[in-house]
Structure formats: structure tokens, C-alpha cells
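Okay, so here's the structure we're looking at.
All chains are identified by letter, namely A, B, C and D, in their written order; residue positions are counted from 1 within each chain.
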Amino acid sequence: MGESEKISVGIIGASGYGGVQLVRLLQEHPLVDIVYLGGKGSAGQTYAEIYPHLGHAVDLTIEPIDTEAIASRCQVVFLGLPNGLACDIAPPLIAKGCKVLDLSADYRFKNLETYSSWYNKDRSDLDTAKTAVYGLPELYREEIKSASLIGCPGCYPTASLMALSPLLKQGLILPETTIIDAKSGTSGGGRQAKTHLLLAEAEGSFGAYGVAKHRHTPEIEQISSDLAGHEVKVQFTPHLIPMVRGILSTVYATLRDPGLVREDLLTIYSAFYRSSPFVKILPNGLYPQTKWACGTNLCYLGIETDPRTDRVIVLSAIDNLIKGQAGQAVQCLNIMMGWEETLGLPQLCFYP
Amino acid sequence: MGESEKISVGIIGASGYGGVQLVRLLQEHPLVDIVYLGGKGSAGQTYAEIYPHLGHAVDLTIEPIDTEAIASRCQVVFLGLPNGLACDIAPPLIAKGCKVLDLSADYRFKNLETYSSWYNKDRSDLDTAKTAVYGLPELYREEIKSASLIGCPGCYPTASLMALSPLLKQGLILPETTIIDAKSGTSGGGRQAKTHLLLAEAEGSFGAYGVAKHRHTPEIEQISSDLAGHEVKVQFTPHLIPMVRGILSTVYATLRDPGLVREDLLTIYSAFYRSSPFVKILPNGLYPQTKWACGTNLCYLGIETDPRTDRVIVLSAIDNLIKGQAGQAVQCLNIMMGWEETLGLPQLCFYP
Amino acid sequence: MGESEKISVGIIGASGYGGVQLVRLLQEHPLVDIVYLGGKGSAGQTYAEIYPHLGHAVDLTIEPIDTEAIASRCQVVFLGLPNGLACDIAPPLIAKGCKVLDLSADYRFKNLETYSSWYNKDRSDLDTAKTAVYGLPELYREEIKSASLIGCPGCYPTASLMALSPLLKQGLILPETTIIDAKSGTSGGGRQAKTHLLLAEAEGSFGAYGVAKHRHTPEIEQISSDLAGHEVKVQFTPHLIPMVRGILSTVYATLRDPGLVREDLLTIYSAFYRSSPFVKILPNGLYPQTKWACGTNLCYLGIETDPRTDRVIVLSAIDNLIKGQAGQAVQCLNIMMGWEETLGLPQLCFYP
Amino acid sequence: MGESEKISVGIIGASGYGGVQLVRLLQEHPLVDIVYLGGKGSAGQTYAEIYPHLGHAVDLTIEPIDTEAIASRCQVVFLGLPNGLACDIAPPLIAKGCKVLDLSADYRFKNLETYSSWYNKDRSDLDTAKTAVYGLPELYREEIKSASLIGCPGCYPTASLMALSPLLKQGLILPETTIIDAKSGTSGGGRQAKTHLLLAEAEGSFGAYGVAKHRHTPEIEQISSDLAGHEVKVQFTPHLIPMVRGILSTVYATLRDPGLVREDLLTIYSAFYRSSPFVKILPNGLYPQTKWACGTNLCYLGIETDPRTDRVIVLSAIDNLIKGQAGQAVQCLNIMMGWEETLGLPQLCFYP
């Protein structure tokens, strides 16, 4: 495929962790040219000033967010802004013919009332929002193919739904028994300086936050309900791990049929994810380490049943900034453009 | 109290992490003299050779494990050996009049068949085992007072039972819904060199192990059943955190009475632990960080209810090597000797 | 000694890391009552709101910085404020009869022009500054005894001067060959949220900063010159270690007499620090780990000579927040009050 | 270039960290097929048993080390064995026509007596050793082109020599003033379980080792002497950083001409490394973070002069397992084969 077939891409919110992952991945993507880096506070800075390690590879300056200019230069736009901003920027971009992939929560919800009640923001872009597709390719690959607007999933929902989906879709569990105990590296908190994310505070410590009220709960429930065909409520508890990258979700649910054993579930999961190149189901008795997924777009799944309690326990590991964010967005881009789904997406971590 | 009233104490298995915590704590305990350090592989080494940072404080050499010699010199003996060794050493020591506090699993079980089936070791010390008291002072303070043999709890059971006990004792939850998602620093794996505990392997990673089959499960179930008054089964999943010290247990259960709210439970927990100086119940909406407990014998508890799911979620943080091991043993010693329960036990961490 | 003999102490700047160490140490000091916590941004907050883990131990509220009120209630005042503020607060406190221990750089310099040129602040408190004593007890114990104002040393200078002093004092090295390659945990950067101190940025990374221009250079040189009896210039390079606490200084210098061997220097160092209870000189061939000093007021020194190059290499490890800051201030207090130098100061770390 | 032009490669010592980096890099190298994984203790295991995260990518079993079989199947062989083994394996492989790249110390020394005295091993392969080229492409690119046997540099020497070479080659410093204060992540210690490399021991700590006697000293001196044209002695001190990957070398030396300023040296370094695609010289006042190099074959250099002391300070950051080991070996392979030097070698890290 020739140089001329590359598409022009803009990244808005390029100075954050989502942004720098997108820059990193798209810089090496064979069919993409990054032509616009946009930001608010960082406008005017060269990218090398913000991320000196990329000085040799990226020779761009952050520009102000000007939808007119963006649309005139970009075929595809990634939005990596804080929640509540994309819903103002995406509509004009779409109207001007851009494809938009939004990494915030703004376009993840079918029901904007759910969004508004959890994110404290009223919305007037209902028509645009209706066209958005939830960007989890393993579940919505077909819809993504023809979408113009992708609401990329949150990091916790990605890890959790990868673990839960086969169980819900096939009706194998009692949905109301679902408990998701999730743990994330601190990069999930973003690059803004917050005291509790300082190394001096977070290193050598582990704790929960947002117990019974984290905003990823309704997102997980929306997709879970879609898969189950009826409303599902889950218990979701996030924790911070003293490390940079990675999420592990430990998912518990009671099996509808206590006769199911691990081997059965391995078969079911393998079938469910047969066409999903980034899902790696671990053999009998192996559980994933988050580090195995670091720097890749992979999701590792480990599955266990407990005959003493009739429960299934699924362990799901991803890199929160790649499969949980920027990599998944690129995966969606590949699908939207009709390219190989794995194009430009790493599958081998650097271990250790 | 005069110098002459100090008791003479031996620590067997002094070269491991349990051992060095005991040495550290007892070295500063006002009523204890360490007179015997025993070990197998390390016999003949000075303590400063094993732990150079203590060279200025501890001038003792590890001696072979000779029960005759130990009993002749020690009134109290702490055993910090691998599982399956204490059951050979404790009986002669007790027969010779020593009080024994065992940090291994050997004397935690009322039912030795349970022990044998989970620890693959047959036992012939039934008479001795029958006299052992489970060394969790917050639950068995009275029994500990008059005990000669203490089976000190495991680190995970300590954290988990502190969270669960008020709920089970008062019949507030449906016991079979109990899920314990526990996380520990790697020092819980001991000081023996194992590949998966290398910094290069464990740092920057998080994963589960022993899913549905960890040996702390029957221990938690034994005490839970005792508290509930009937057999209780729990789901217990341990994980390794990339840090040295600390355990967080996240405990989930369905409330029998969905009308109970957080404030009710805070009241119930405060009453339950009223006479327990090491338990700190956090006010509304605060959840513990493991680091707060590091270097102390404290257990911090945070409590939440979820009206959406009728569940209670309790978060319990301890230092796995102190409240989860050596500190708790010293707490038991204090109670056995009729001393102030907090004697020689730190209550203020060095933060950050 | 009776309760009535306790002194009343205030801590200004109590919300920072220096402050919380002082609170932690003085809370357990047998002859001190903390009666005033002062702060600027944090005034009005309870201490438990800032540091929840101390909620059970410290029942005080941060008050505004009012020198009148402070002096009326406190015999001794610790100042833990950013550089450039103590020089406005100390003079009125001293005038009203308080003893003052300042943890900032304001009173470390004999020559205020040196201070002004490195800290960009003009000073008008020359008379007060002249009375200040540099609070490194191992070098200035006699002067500290009768001082009313202590300029507590910086963390890097403490570690570095402990390593260098015997060499300079005895004229054993060529001073101009001195190179100090120092490394610190990130808590040295304080509790204010700065991007480069986020766990996500600092974890898993190591780098230098302030090369050839760090403000601790003139401080080290002032004391080095005082010891050598002539002006000394040193090369000082600080680095950030991905961990919370601890400093290691690696100090290099060319020996004046190449015939000196390690054993000679061990003897010289032992004699030099004979009356210094917190200095621990490691035997032949042992080098300190920063973790050995964590949570203690100790300084571990390891010494090596290289006959191939005629250099001496000294390794010095401290806890930057204790011996490098708050603990050293308490050590000075003990000396000023005529108490045992080690009172209330921990000497045993929790290892691992 | 067609599939048929790929070369067949063997990796001996594939289970260690050097081995797994080679597997990782060569698996994605467009002109290489891995056809043989060899090992001693690990022979018979599948690679997925040793490194489960690679189960989906590498379908090979470790075979015994049989030079006959290796030579019959491989054109190029990488040796990643402990020191002292390659010197028995390389000669027969070379005799049978293989090109050999050895990651151990065995072929780094021109003078085998130096090797023998530092590595305690007598050698009988003098003829083979004479043909070996030191595999630091930035210095010996021409010699590597035609070599059959490469002695790949140690990790510390790589970082240190990248910093030192322009200074030595151009005679800009007084060589005897050179001090190299080097710091490494713990993966440099390999995958064998050693107590001091446990996370519980190494995390949260920093210390020196091998002071004045580390085996990388003669290696650095050999190349330094070669560059300077006369014998050079350096002071080299390694330290362990509590992190997995990365080396920072802080190099000090006195300038021959004190008039030289940073800008001069930036110009000189840029010229020296003009044809070296992996060397990135940072602009004025920027110093490298090791994390910038992680997962890449890059070496970042930061340069400072100190007019107060007439010294130059150079900071050099690499990934110890890539540019410091496996990546550099692949870089040599590319040069030996006449391929693009950067082929298959990552240049963009995943930050943070």
C-alpha cells in the first residue's frame, strides 16, 4: 500500500496520557499521518517540550482546538479530553465529515440521562450521541465498521466486560451475583498533578476508592444489560495499585449450572473470542499478570470454577492505557477503515 | 516495673521475615529479654550477618534448634518456622513448661483432619493441638489469657476476619454470599528466594494466585463458622501487590436486612471493637490505605453499603508482618502475661 | 520525670512531610506536648482531615500562623515552611523568648549574601541570623546546647557531610577532588503536587536534576570549608530514586596519603563519631542500604579505598525525612534541652 | 525483501532475561527466523511454560545445547549464557561456519589475562578470542561489519562508554579524573532467584555494590584506553535502583580546557554520533530519565559543564536489557548482515 493512501489524523488533548499513547501508536502506524495535535493549556508548546523523549520522533507543536482547522486538515480525529468537552467538539467535526473517536465518557451512553446523572452535565447533542457506537470491538465489531463516531470504553469497563461477556451472553451466570473487584495502576488517574497520585503517597500502598459509586458502574451495566437481554446490576469496586500501568479485574459470579467446570468455560470463551486477535485465553490453572499485557493491546483471561461455592472467577488483565484506552481506539480505527484489525498495534510486551 | 521482672524469650526461625519482626519488636519491648535465637540453615551465623542493619542492636548468634536448651533458658518461645515443623517442637517445649506462640499454620485448626487435608501432613500431637488457642485477640481475648499454646492466625485470615466478624457474629449477612478479595505485599511470601518474588518479576505487575484453593480458606471458614454458629463457606482470592508490606481485604456480602445503612454498621463495628485498642474504624466514606498500617499493629476498617445491590463492602488494612504476624503474636503474649495489651506495639506509622 | 516537666511545642507548616514527621516523632516524645499546629493553606482543617491515619492519635486543628499566639503557648517552635518564610517568623518568636528550630534553608548560612544569591531573597534579619547554629549535632553539638535558633541542615547536606567530615577535618583528602553523587527518594520533593513527582512519571525511572547548580551545594561547601579551615568547592549532583524515603550519598575524593587503607579509615571514622549515637559505621566491605535507615534517625556509613586510583569512596545512607529533616531537628531539641540525645528517636527500622 | 531471504537464528540461554529479550526482538525482526532455542536447566520445557505471556507468539521448545545440531540449523547463533560457558561453545560453532554473538563477558577482552584475572577462568580458545570484535557499534561499526564473532558489551560499559567516548577520543579530559557513578535496575542481576533481588528486599531501597572491584571496570578501561591511545584507569561504582529496567551512568571528569562550555560539547557529541541512529543528545539543560529509553535501543545523553569546578558531567540513560544487552546484539547482527542498522529495533518507548 502506497504512501499516498495514508490518512490524516488529528489528536486533540495530546498532552495527556491518552494523547501520548495515541501519538506513540499512530507515529508507527503504517497507514496514518499525524497532522494535528490540539490542546487547551498546552497550545503553543512543541511536543518535545511536553514529552522530551519523543523529541527525535515527533516534530509538531500543540495547536489551539479549532474545529474548522481540524476538519480541514484531518479525516479522522481522536479526542482525548476530560469528560464533558467532547460533546461540544464532536458534533461540528462530524458535520464537516470527520470520523471521530472519543476517549472520554461523553459518547459511551445510549441513555443520556444516565450520563447526565453520573457525570453532572446536561447534554444537547442527542442526535449526534444516537449515532455513536460503543468502541469495544470484541462485542461491537460490526457496528464499528460503519460508524462515524466511536465512544471508546473506559479502562475498567474494558477489562471487566472482556471477562464477563461470554458469561452474560450465554446466560451462564446469575447476573445479580456479579462482583467486579478491579485494580488499576495510577496512570489511570491521568497526568494532572494530584496529591494522592504522588509517588510519595501512592508507592507502597494499596486502597479502594469510589466504592459503590464509581462512574464506570453504569457503563458496565449498560453493556452487560445489552448482552444479557435484560437489566443487570453489578457490584464494582476499583482500587489503586502502586504501579504505573495495568488493570486486573477479578470477576465473581454464581453459575446457573453448578455442573460447569473450568474446561467447559475455556471452550466457551475460546469460541466466543475466536475472531478476536487480541484476546488470549490462558490454559488450565494459569492466571494473568498485568505486566504480560503492558505495552500491548492484548487482554489476557484466566478462568477458574469453584465447586465448593458454585462460582466462576474470571481474571482479566490489560494495559489500561492501550487496550483500555488508546490502543482500543486505534483498533476501532482499523476496523472503521477496513484495515487489518491488528495494524500498528503491539502484541508482544517487553518482559520483565 | 523492675528489670528483674522481665521474661526470657526465645525466637526459633529467627532468620525469616516473621523472625526479624519479632526480634525488632521484642528488642524494644520493656518486659522481654531475647535470650535465644534458633534456626536450622542459619545456625552458627551472627544475627548481624543475616541482618546487618541490626548489628548495632542485637548481639546474638543463631543456635541450633535444641528443645532441651530452649526450655532451660526461655519462659516463652515464639516459633517462626515453615508449616509442619512446629508440631514436632511445641509438644516437648510445652511439656517442659514453656509457653509457646506458633506463627505457622500448625496450631490454627481445631480439626486436624482439615489441617492434614490442606497441608498434606499427618499429625500425632492431637493432645497438644487440643489445647491451642487461635491467637486473634479481638475474638478470643479471654481464651488467650489462660493459654499455654497459641496458634497465631495467618495474615490473610487476620485482615479478613477483622472485616467479617461483626457481620457474622450479629447475623447481619447471608454468609454464603461472602466474597473476600484479598491483596498482599510480597513479603508475605517470605525471605526464601523464589523467581516470582524477584523485584524484576513482581514489580509493576499484579495478579491472583491460589484461586479457589488457597490454604487460608479453611482457616477463615473455621473461625467464620465459629462466629456464625453454623458452617460457613467463603470465596477467598489472594493477589500479589507490587510492594513490600501490607494487606487489603475487600469483603463483600449481601445484607440480610437491606435497610441497614453505613451509619448503622459503623455503630455496630464500633461497639464490637470497643475494647480493641488496635482496631481503627474510619469515619463515613473513608477507606483505608495499607500504608497507614505499615510498621504498626493496627487494623483500619472502612465500611460501605450499596443500596443498589443490598450489599455491604468492608475494607480492612493491616501490615501483614505485624498485625498479620509478629505483632499479633506479641499482642497475644501481652495478654497471656497479664500486661497492657499494647505494650511494645507501635501504633503510629511513618507516613509517607 | 513528671508530666509537669513536659515542654509545650508548636509546629508551623504541619501539613507538609516535614510537619507530619515532627508530629509523628513528637507525639511519642516523652517530654514534649504538641500544643500548636500552624499552617497557611491548611488553617482550619483538623489534622485528621489532612492525615486520616493519625486521626486516632492527634486531636488538633491547624491554626493560622499568629506569632503572638504561638509565643504565648509554646516554649519551642519548629518551622517547617517553604524557604523564605521562616526569616519573617523566627525573629518575633525569638524576641518573645521561644526557642526556634527552622527546617528551611533560611538559617543555614553564616553569609547571608550566599543565601540571597542562591535563594533569590533579600534578607533584613541579619542580627537574628547571626545567632543561628547549624543543626548538625555530630559536628556542632556544643554550639547547639546553648542556641536559641537552629538552622536545620538540608537532607542532602546531612548525608553528604556525615560522609565527608572526618576526611576534611583530618585533612586526609585533596578537597578539590570531592565529588558527591547523591540520590534521594521522591518525598524530598515535598507534598505539593508536581507532575514530575507523580507515581506515573517517577516510578520505574531514575534521573539527575539540578546538575552543577543545586542549592545544597553552597550549604555543603560552607560546612566543608569550616571543617577544612579553608575554602572548599565540591561537585554535587542529586538524582531522584523511584522510592519514597531515603538518601544515599556516594562520596569520592583522592587521598592525600595513598597508603591509607580501609581499615585505617574505619578506625578514624569510629573515633570521629565515638560520641554520636546515631552514626553506625559498617564493618569491612559492607555498604549501606537506604532501607536500613528508614523510619530511624540513623546514618549508616560504608567506607572503601581503591588502591588502583588512590581514592576513598564513602557511602552514607539516611532517612531523608528523619535524620535528613525532622528527626535531626528533634535531636537538636534534645541537646538544647539538656536531655538524652536519643530521646524519642527511633533506632530500629522495620525491615523489610 | 522476500520471505526466502530470512536467516535462521538460534538463541542459546533462552530462558534468562537476555534470552527473552532476544526472542522478543527477533520474533518481530523482518529478516530473522528463530529456529533453535537452547538451554541447560530448561531443556525440554516449552517456551510458553517459562514465559506464559509469549505462549501465543512463540511455539518452540528449549533444546539441549548441541553444537552439532545448532550449526546444522542456524546461520547465526546468539549466546546468552553465564560467563565462562561461551568460550567452550563458540569455537565449534564458528568452525562450522556460524556467526556468533555472545552476550557474556567471554569475548569482550583483547587480553585474556585480564579476563582470567577478573573472571577466575583459564582459557584455551586464544585463536578464537583474537577474532572477536567488541560489539559497540557506535565505536566499532566497521570492524563489526566483517566479524564472525562478537563479544557484546556489558550493560554498564555500554552506558558509560557512550558518555565517555567523545571526551576520550578527542582528548578533552584528564582521563585519570574520570569517575563513573552508575545505577541499574535489578533485572541486570538476571532471573536466578537471589535473596537480595527479591522485591521485599530491593524495593524501597538503594545501595552500592562491588565498590572499587566490579568486573565491568577492566572492560570500560580496555575500551577507554583504546580510545585515548594510552592506558586509562577509571573509578566505577555500580548501584541497584529499586526498579526493573534501565541504567543511568553519571560520568564526571575534569576538562583539559576549562574554557569549554556545554554548547561546545553538545556540538562535539553531535558530530561524534552523527551516524549513530540510536544516540539521542538532549538539548541544553535537559537530563535523561531512564524510563525514556525503556523498551528501546536508544541511548539518551545529557551534558553539563561546571565552570566552578572545571568539570564536565555527562548523563547516559539506556535500557539495560536492550541497548545494554539484547538490542545491541541485534544492532550488531544488522550491521554484520549488511542490513539497515535500525531494523527490528524499537525507538519509541511507552511512556509513562
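As a working rule, a residue touches a chain if its C-beta (ideal position, glycine included) is under 8 Å from a C-beta of that chain, and two chains touch if they have at least 3 such contacts.
Only a predicted model underlies this, so the values are computations on that prediction, with no experimental measurement involved.
Trainee: Would you mind checking the shortest number of contact hops between chain B and chain C?
Mentor: Graph distance in the chain contact network comes out at 1.
Trainee: If you average the Cα atoms per chain, which one ends up farthest from chain A?
Mentor: Between chain A and the rest, the longest centre separation is with C.
Trainee: Express in whole angstrom the distance between the two chain centres, defined as the mean CA positions of chain B and chain D.
Mentor: Centre separation, chain B to chain D: 46 Å.
Trainee: How many angstrom lie between the centres of chain C and chain D, each centre taken as the mean Cα position?
Mentor: Chain centres of chain C and chain D, defined by C-alpha means, are spaced 39 Å apart.
Trainee: Quick one: report the Å distance separating chain A from chain D, using the average Cα coordinate of each chain.
Mentor: 36
Trainee: Pull out every residue in chain A that's touching 2 or more other chains.
Mentor: Within chain A, the residues that touch at least two other chains are 17, 187, 191, 200-201, 203-204, 242-245, 289, 291-292, 294, 352.
Trainee: When you draw the chains as points and link the ones that touch, which shape shows up: line, ring, star, complete, or other?
Mentor: Per interface graph, the chains form a complete graph.
Trainee: Looking at the complex, which residues from chain D come into contact with chain B?
Mentor: For this pair, the touching residues of chain D are 17, 185-187, 189, 191-195, 197-204, 242-244.
Trainee: Touching residues of chain C toward chain D in the complex: what are they?
Mentor: Interface residues on chain C, with respect to chain D: 176-177, 179, 181, 183, 200-201, 203-209, 211-212, 233, 235, 237, 239, 241-246, 248, 250, 252, 287-292, 294, 302, 304-306, 308-309, 311, 313, 315, 317, 352.
Trainee: Sort out for me which residues of chain C touch chain B in the complex.
Mentor: My answer: residues 17, 20-21, 24, 27-28, 51-57, 187, 191, 203-204, 244-245, 280, 282-283, 286, 289, 291-295, 300, 321-322, 347-352.
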